[in-house]
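Okay, so chain A shows up in both of these, paired with chain B first and chain C after.
Here is the complex of A and B:
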């Protein structure tokens, strides 16, 4: 059996931020990640972040990832890769599959920072090679240096769809169009403007009707939808694309939290079923914390702050940090996160988070 | 009410007109000045932090779109590569022969070279015509976002916002 003061499940922005914050205060931390490299989505994010200086705005995601890893290493955080946490049981017991063996782990505190999975939509031809998640396209282009295709149709106009479109253009792909069944672009106007000005058209109130091709994608037909999201016959448009990227939202990966018996709520504004948690990121199950997209789909910058709060809270609960020091630091972070949850893109998330906070107390 | 840009992806001249970050024609004719094409309430303020001349104000609520104080702007260009939204351009309408210079962020490769003739594109990606690259700037501080300065006829100064290289 492996004993740990703190186990982080997931080495993305939330998990690494929490690990660093806790370790800095003296906590012994192990981070498990199922991937063969750490960083979660950070290393795919080659663009500069929004926010203000305290949110690391102007820095690129992969640079932030590298600085977290260096700090974690320096603080003696154990980052265990190819390690899948299979289950969370009572009293901090976990089963972890590390490469080809299963270890029993006893953690005094557990942070679930498992992130999210991409949503998919089915349509005729959606199983053809060449229909891929936008996140997969981003991994291919930005991590592995491989163009996912030559000519892309992007389905989904949220920030993921638009930013990945821009990065595929940077990689040398053509983006034939960005389409969305919603009547208005979901992502930031400045991101949309970036690709519009190099000639990428947006087709709003359009959905994908089918992907063409026998062995792989050889084209796509889109169709306009009415106010009830019903396809309008005769409005089909065909594109000669070899790749269709799906960017229709993310879904929090909460299986471990549900298994642990955490109180959950279905909040569409946060991407689906999410765990109730308090201002310290602790769920309804004592000793189990959550941060990042697993606590509701937001951004890397909010994930980092939630992670830091969880790391501090865990350090305090284990006696490494006194109450007044904890509260000073936590409240500064809470103030900073409020800024990221305001404006027309963030306000609803802020409200949904308040709901989750109230729920855990009820 | 839905704005044009929420469907097209780009700001129309109508939306931009009178925006808090758009310098007057009189100011543009005096020399280089920042044009902040950022009208949405997103949480972001690097432009305000980088400006040493109090020409850009966002304020405590970082979702407030940036306000340009055009007389404070000296055209130092430090805000152009810093904007994560690539929404800041530098426009100089003081050039002779009815010309204007536009500096824009550029993150594609290969970079154009000084002296190249490139195609100027408007906000919708439509070709306007040929433009001459007069400088390409890329320093460590710009963190891999280069900027390209093009010279164009003066009446394109508020239209041309991207370039396409000729191959």
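Here is the complex of A and C:
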């Protein structure tokens, strides 16, 4: 049995930010991550973040990841890799598979920062080798230094689709086109402009009809859709691509939270089924906290702030931080997150978060 | 060549020593410690397995060990997620047919 004041599940931006914030206030923290390297998706983010300086604009994801890791190490946070949290039970009990052995862990507080999984759309040929998630393309190019293919069709024009398209160009691939069933580009104009500038065509109101090829992708056909999302016959266009990248959104990884009995709500604006949580990131189950994409799909910058709030709240609940000091720091963070939840998409996310907060109080 | 020699932002990639392994009996080279699937892709291998019922080809899909589409038989052990399993010198990597060879319990 391993005893721990705070267990973080996931060493991505939310988990590391929480661990650092809690450890800085004296909490003994263990972070478990199933991967053999920490940082979650941060180390795949080779573009500069933007926004304001307080949200680490102009810094690249991997630099942010490295600074978190250095800080965590310096504060004595134990980051345990190749460690899969298999289950969360009553009273802070967890089962963790560390390499090939199972450990029983008792945590006074648990933070679930498990992140998200990619959404997929099925179409004829979608199981062919060469059809990959956009995250896979990013992992191959930016972590392992290999091109996922020579010529790529990107399905999805959200931030992931357009940022990964740019990263594929940087990796030396051709991007044949970016398509999206929606009539307008989903991601930020800054990112879209970067690929439009080098001549990558956007096909809006287009969906993928099928992938061609017997043993691997040898082409793709797209088709225009009308206002009711119905394909319009005769509008097919064929591309000679060897790779089709799917970037159609993310869904929160909440299995552990559901297992722990947390109240959940289905909120499409946050990517699917999400746990109710209060302003301190605590769920409906006392002692279990959530932060980052597992609490609703947003961005790395919001994940970091939610993580820091959770870290502070846990430090306070364990008696390491007095109430007034906690409230001052938390409210400053809450204020800064409001700026990130502005704009049409942002406001909807803010409303959804209010709903989740009300659910916990009910 | 699928490997990125010089990345405009990341420069060169840190890799382990070059090692030999086999894929369906063919000798291949990769870097120790990188996922088996990455070494395979650098050798042009796209098909990792054929499905049990329809005998359809499957390859790398999520690249982070979640979807299990890239499983293969590695050193006689079936269902190894090659996108997260590190490559070691002398590994015997084989295309998996269906659920892989049946093994007796040791």
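Miscellaneous remarks
Heads up, the rule we're going with is that the second predicted complex is superposed on the first by the 361 of 362 C-alpha atoms of A that agree within 3 Å, B and C clash if a C-alpha of one lies under 4 Å from a C-alpha of the other, contacts with A are read in each partner's own complex, and residues count from 1 in each chain.
Keep this in mind: contacts are C-beta pairs under 8 Å (C-beta built on N, C-alpha and C of every residue); 3 or more make two chains touch, one makes a residue touch a chain.
All of these numbers come straight from a predicted model, not from anything done at the bench.
In the superposed pair of complexes, A:170 makes contact with chain B and with chain C alike. In the superposition on chain A, no contact is made by A:103 with either chain B or chain C.
When the two structures are aligned on the shared chain, A:117 is found in touch with chain C, with no touch to chain B. When the two complexes are overlaid on their common chain A, residue A:236 makes contact with neither chain B nor chain C. Annotation for chain A, partner touching more residues between chain B and chain C: B. When the shared chain is aligned, chain B and chain C each come close enough to touch A:60. Using the contact criterion defined above for the overlaid structures, shared-chain residue A:71 touches neither chain B nor chain C, since it reaches no partner. Within the superposed three-chain model, A:185 lies in touch with chain B and out of touch with chain C [touch as defined at top].
After overlaying the two complexes on the shared chain, residue contacts for A:140 are found with chain C alone; chain B is out of touch.
In the superposition on chain A, the residues of chain A touched by chain B in one structure and by chain C in the other are 60, 170. Partner chain A is touched in their complex by these residues of chain B: 2, 5-11, 37-46, 49, 61-63, 82-87, 107-109, 121-126, 143-145, 161-162, 164. Contact residues on chain A toward chain C in their complex (touch as defined above): 34-36, 46, 60, 117-118, 127-133, 135-136, 139-142, 144-148, 170-172, 215-216. Per the touch definition, chain C reaches chain A in the complex via residues 2-4, 7-10, 12-13, 15, 34-35, 38, 41-42, 46-48, 56-66, 69, 84, 86.
On chain A, the positions that touch chain B within their shared complex are 47-53, 55, 57-60, 169-170, 178, 183-185, 188-200, 202, 204, 339-340, 342-346.
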